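These are the structures, in structure tokens.
Same chain, two partners: chain A is paired with chain B first, then with chain C.
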Partner chain A sequence: MVATREPAVVDRTTTLETLLQTPAGKRMMTCIQCGTCGGTCPYGDTMDFSPRLVINMLRGGFMDEVIKSESLLQCVACYACMAKCPRGIRLTDVLLPLVKEQVLVTHTPMPAEFQKSLENMNRYGNPMGESPRKRAAWTATAGVKIPIMAELKREVDVLWFVECYTSFYARGQDNSRATARLFNALGVDFAILGNEEKCAGECGQLTWESGLFESLAEYNMKVFNKYKFRRLVTGDAHAYNAFHFRYPMFGLTQPAEHTTQFLARHLDRLKPMLKKPLDLTVTYHDACCLGRATGSYDEGRALLQAIPGVKLVEMVHNRVNSLCCGGGGGGMWLDTYYKQKGMDRLSDRRVKEAIATGADVLAVACPYEISRFEDALKVVPHTKPIVVRDVVELLAESLA
Partner chain B sequence: MNLYVLLKMVPDTVEELNVSADGQSLDSEFLRFKLSEPDDHALEQALLLKEKHGGTVTVVALDAPEVDDVLFTALAKGGDRAVKIPIAQAGLGTAASAGVLAAFFAAPGAITPDTLLLPGSQAIDDLEGELAPLLAAALNLPYVGVVCGVQAADGKATILKEFAGGLRAEFEVALPAVLGIQSAEKPPRYVPVAKVRAAMKSATIDTAELAPPDRPVQLDIARLYKPEAAGRAEMVEGAPADVADKLVDVLAKHSVV
Partner chain C sequence: MKPIVPKKHEPVRIGYYICHCGTNIAAMVDVEAVAKYVATLPNVAVSRHYKYMCSDPGQELIQQDIREHRLNRIVVEACSPLLHEHTFRKATEAAGLNPFYCQMVNTREHNSWVHTDRAEATRKAMALAHAAIERVPHHKSLEVKKVPINPDVLIVGGGIAGIHAALTLANAGKMVYLVEREPTIGGHMAKFDKTYPTLDCAMCVLSPKMAAVGSHPNIHLWTYSEVAKVDGYVGNFQVTVRRKPRYIVEDLCTGCQECVAACVFKEPKFPDEFNLGLGKRKPVFLPFAQAIPPIVMIDPEVCLNFKRGKNPDGTHTVSDKCKKTCVQACGDRKAIDFKQTEETKNITVGTIVMATGFKIFDARRTPFFGYGIYPNVYNALEVERLINASGPTEGEIVLRNGQRPKKVAIVHCVGSRDENTNRWCSRVCCLYSLKLAHLIKEHTDAEVYNFYIDMRTPGKGMEEFYNRVAEEGMHLIRGKVADVYPDPNDGATGRVVVQAEDTLTNKILKIPVDMVVLSVGLEPHPEADNLRRLFNLSCSSEGWFLERHVKLAPVSTFTDGIFLAGCCQGPKDIPDSVAQAGAAAAEAMALIDKGHIEQEPNTAYILADECSGCKSCIPLCPYSAISFDESRQKAIINEALCKGCGTCVAACPSGSIVQNLFEDDEIFSEIEGLLAPVPA
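Coming up: the complex of A and B.
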């Protein structure tokens, strides 16, 4: 049995104290202590308290010890433990964030890089601390017109939630420019929020910072409620995760889709437009927030296989067994901490697997991975060149 | 200990700063304010002292945009009391600010024998760091600035002060005293947003009514302007081999190689 993510198992007010009274908490009482979670956890070997032990300590009333340790700083919210749990226990999205929150409250100081990112998300609505007034600045380089909701003043079919790394980070913007070209080619009726948008806050929720997540979710919901749109589409797997699972608890009623899901749904119309052959061997990295979190394994692969000349090869860990890039759950801002602890960077481990396939391209569908894998490729030795590209970048390149 | 932290709001340089049409002030249209960084360290130092020696931490600020958020954040971090003086900080020069704060501390009982006043050592709009010494002079209290560590015992404080060139010195000062804090012994702590939101719901900010200063500013700004570029970087363009040749020429020209 694999845990499915029906939202009703907890609500917004669930805390560590009330957890055992919720349906999700009651299921934790059925844990058989098999240890599959700790075994599948990419950092399970370095944690004092593996997910299995966390459940045992919770049931025994010894959570204080878990909270005092640094174990949970090593959880990258990759959903591996939850996807493999034979009892369907909601670890990644229910138990572990509630524990992490207590770690954050008790643990001072937090690793500096991580603390700064959370403070930036709170003040500027993005983790890098960029001016919120420059969020839509990338649109000037899009090559096509990007309508903004506040200026459009009408209902749109797609509200495209661009997100932080795809707005501010130079290589991340390639994703946005590609998405804009694809939407344009398909004639999608879309608009973005522009400078009104703030981080969806997924890393707040999965990380530890329920207050930060609530404040960002409440803000974004207020902005959503000003406009009319039929669906939310985002290229950020983490934002998609938040919109799909957590935002409905804040009143979101429109369906949310990741760009790969949206484009795969329109593949019949998109495929004839993909005329330029790319002649590349490509390996696809399953983003945790798409794959294990929501079972979305096929869309990215279907899109890649629609590109003429693309040969898809698989890494040794793929689909439900995919290895996390290490960026989730706050890991994006804990690299220095992991290095100090002498731990492997997961992105280094993952690019080794990509290199071993002999592929020309490591294709991704989450904006964290561009920077993580490009950085990893700088330090992991390899002879045959390999580059990191988002699926949408490859699709846009193949547009005639 | 009776610890006071003086909080000042300064322009947030994440937003571009522009000069307004009058040529004498910052354009306030997109200007945002945030807590001055040394003041954040002063708060951390106060919280560390409270954790070690007990006592209360009171944060005091003049009125400014977003200052309530900063005061509630200070309470959420462990401050005991927040006081806002409803006089706009924006219109005051450093001397006038020090005067208003001195009037606040002149109230009976404000300063006890175990009091430390902890302003930041300087701010981006007070690089000379005048606020702390002016305040100390007005209150007739001893002052040490550019402080990066404080130990307290027996009515005295042992101060670590930084000097240029990597030098540090230890001072002993009798309490009450004013210490301009450069950096706390630890980086300012993180406070979860949930705690700040809870403080906003449950805590209150006290108000201290004081007379506005007679002379809000003592220096008139003749002209405010952005630095003018004196020279520009030369971009070397072309194929890598050409770039390398040009680079060698440039380095030779400047006698680097």
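Coming up: the complex of A and C.
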């Protein structure tokens, strides 16, 4: 929708004080206080200051009250407010991060799990605190050769940015192994950064810590600049979001694509290779960072429909109206906090809708969702079995 | 007064006047400095600045100077010539000088309103003035030509605006051609139940006017017809109208509908357009009971006597497979004609009124309101039909499952005030939403929730109406609905939850309701862009037809002789549409009753001695005003047809075409003046 169709965001020097003078801030001056943002916000009913009210407090000069409250701890950066905003106001990626940054400065201590993850990102380049030297360890299990930029010493077509969950977590690695098989099958000229890669930092930026994001972005840009590649492809919707919107401000000139977008672009070559029928009813969850953030709703669905035997069904909330898994904007590490506050877990809400479709598979395109939805399925009762699979896993399985 | 004709040897004496226009010009242009500067230019006898040149004293100033200072050229630097060229030409003429010795310089729209640097704007005003001062000495005495006007009027669109304009003109004795693309006139208003703020029934006030159109001796009513081609210009438009086949001979059909009863389809089976698909009709049908003309039509897409599907040329082939019980029922009236084909009518009219209306916003474009997904989500026009006694449920408000709703949500601003869909306020939705709230409550005693952003109820009697409806116990919630989804606690009744932030209590509401009404906004008609091209009109960026001046020429267009009425110009309610239609009719009449059009003498003519007879100008003329004299082997321009576009002048390879008011001397001098150095 309007806001998401315009790639330009505020520059790196904007603060809450100067925001209203920027083009994005002038849009905020046009807010008609209709409450669409608050009404669509998945945690709108638990916030003291709904997104609508945040805008009006900003315009009225009462931001101190907003910063003192815990409202912004409940923002999972799902882009729902921004996508539906009738005035095209950039809430999710401009206004709210600036407020969150101030919340982080003011509230001490922040919830421990969350604090720890930010520290890990800073120290180890990944939120789980895993050793950076083991980042490329998964490649040993890939089954195909994974070229590494530093060893390849030539230009590649695709620089594959693997990202954290997909490097370190067992279920995340399934995604990476599947992607590797698909790239191999398509004959893609690709390489990864290996242990040189650090978290793209999207969650650092969109949540709270612009300083942390900047240091990660500057680090990754320095590594990118060492090598020659024509495009950046990543399976992490959040990293894609950062590369698409933020990294150009740090000098990234190559186009960035999410794996679903890249594969959908090569679907005419991929489709004949998808020979093994899967015979599954699949429902597709729109990742916030792909769908609402960039309008990429069709690629994931097109890929699933290319698999023989797959029947696609839709959940009640889909596409622009999709429900967030609750993992964005730092929500990934705030589950304990939300539980203490007696709040619904959003991933539970989402899997209830998936279960209601009667699908065999809940297909996702963002690595956060695998663990979030698998956890949710453990607690939400259901009679018919349903599993969570990434789109690339299903595609790789269908490769003959 | 004896006209002043400057003699050849008489020196040029220019009077120059720069207008302050209050502060419109004077705030950004140092008018005193400009007047001082112009006084130093050659041929300038008088140079003045004045607060309001267009005022009576301002005009009197020019006339007095002409007499006292023997002026023979006038330059007025003020606003757009669109507004006041006529004023100053008249003032010039009143003092006995030919009006075409007067030249206007636009220093407001082209200068003071668009610049922010006063010194630079003043320099620009000087340069523009200098250009005119250099130009006017070359002006000649010209005569205004009078061309007779065709008194007949074409009205495009038979909604309430078109109907009202047609009746006004026809009652004044003008011959009117009313062209409507649908099989009946009545437009959107015929679909409404009651109208705000008085709650009188729409058809009760509309049907007498429709009937009057149908029987008026001065109105040619052509329904199921479209304008295919428009040529010519004000006073003399040649229009081609396509009359689509309805497979019924209009003159022979009596509207008895015996054919409908006799149709081989015993029950109505096909979606009924008039009821927006909520009801059913047969292949032969009358659009609705009070349709005008009261003539049935046959839908060849579903009638068994036609082969399925259209031919590539858009026609349908008769299959002769049906028993044709309709033809038997029609009997001696012989009104059914399966062989009917499209008919083309050519007419000539002097003026045109565009009343092509609007379309409602397609709510599927905002999928989170659930329209087209959940059966109990309706758009407001559908609900008008449900409430209406002549509608598919005979006025009973029941859902698709036959149940009567107990809780109803009305969602304002669907497809209005939204950058993602339409930016404008559709102006009628707040009030029609209040009206629907009242009617729904009256019919069903349901709890009604109105979700609004701002309640906009301007106009006579409107705020009072809002007050009345509020008092009836509506839930008025300030907050736009953000999500509509099936109620998780509902079995199978199709109940949905509407979710919104109540912005006045800071609470997120999740209200289960049986029915959702989407107050859809108004959009330009999908055909508006084609019509714009056909009639050579301008459109706003949104696609509404553009009026000549938003305040002072609200029903005129930039094409002389074409006027606007109703929602084709922008969203408006019935009273405003009718008022505008009356205004458009009056504007048309003002032209017709004058009897002639005064043509600006900016026509082109051929210097016969220099014309080489190459004929290259002839096919270029958009008005077919150039012909070829075979005996003399020269081109000739018909002054009555020439509109002064200048195409031939620029194209003539031998430079032998000259255009009045745009002669080479005039333009080159003007350029020299413009480029001359201006004091810093």
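Keep in mind that, in the parts below, the second predicted complex is superposed on the first by the 394 of 400 C-alpha atoms of A that agree within 3 Å, B and C clash if a C-alpha of one lies under 4 Å from a C-alpha of the other, contacts with A are read in each partner's own complex, and residues count from 1 in each chain.
Just so we're on the same page, contacts are C-beta pairs under 8 Å (C-beta built on N, C-alpha and C of every residue); 3 or more make two chains touch, one makes a residue touch a chain.
Just so we're clear, the structure is a prediction, and the values are computed from it rather than from any experiment.
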item	value
Contacts of A:106 with chain B and chain C, given as first, second, both or neither	neither
First (chain B), second (chain C), both or neither touched by A:87	second
Contacts of A:129 with chain B and chain C, given as first, second, both or neither	first
First (chain B), second (chain C), both or neither touched by A:18	neither
Which of chain B and chain C A:340 touches, first, second, both or neither	neither
Which superposed partner A:141 touches (first chain B, second chain C, both, neither)	neither
Partner chain in contact with A:317 - chain B first, chain C second, else both or neither	second
Residues of chain A that touch chain C when the two form their complex	1-2, 32-41, 44-45, 50, 52-53, 84-88, 316-317, 319-321
Residue ranges of chain A touching chain B (in the complex, touch as defined)	101, 104-105, 108-110, 112, 115, 118-119, 122-124, 129-131, 133, 204, 208-212, 214-215
Sites on chain C touched by chain A in the complex	367-368, 413, 417-420, 453-454, 478-483, 485-486, 499-503, 506-508
Contact footprint of chain A on chain B as seen in their complex	14-16, 30, 34, 186-187, 189-190, 192-197
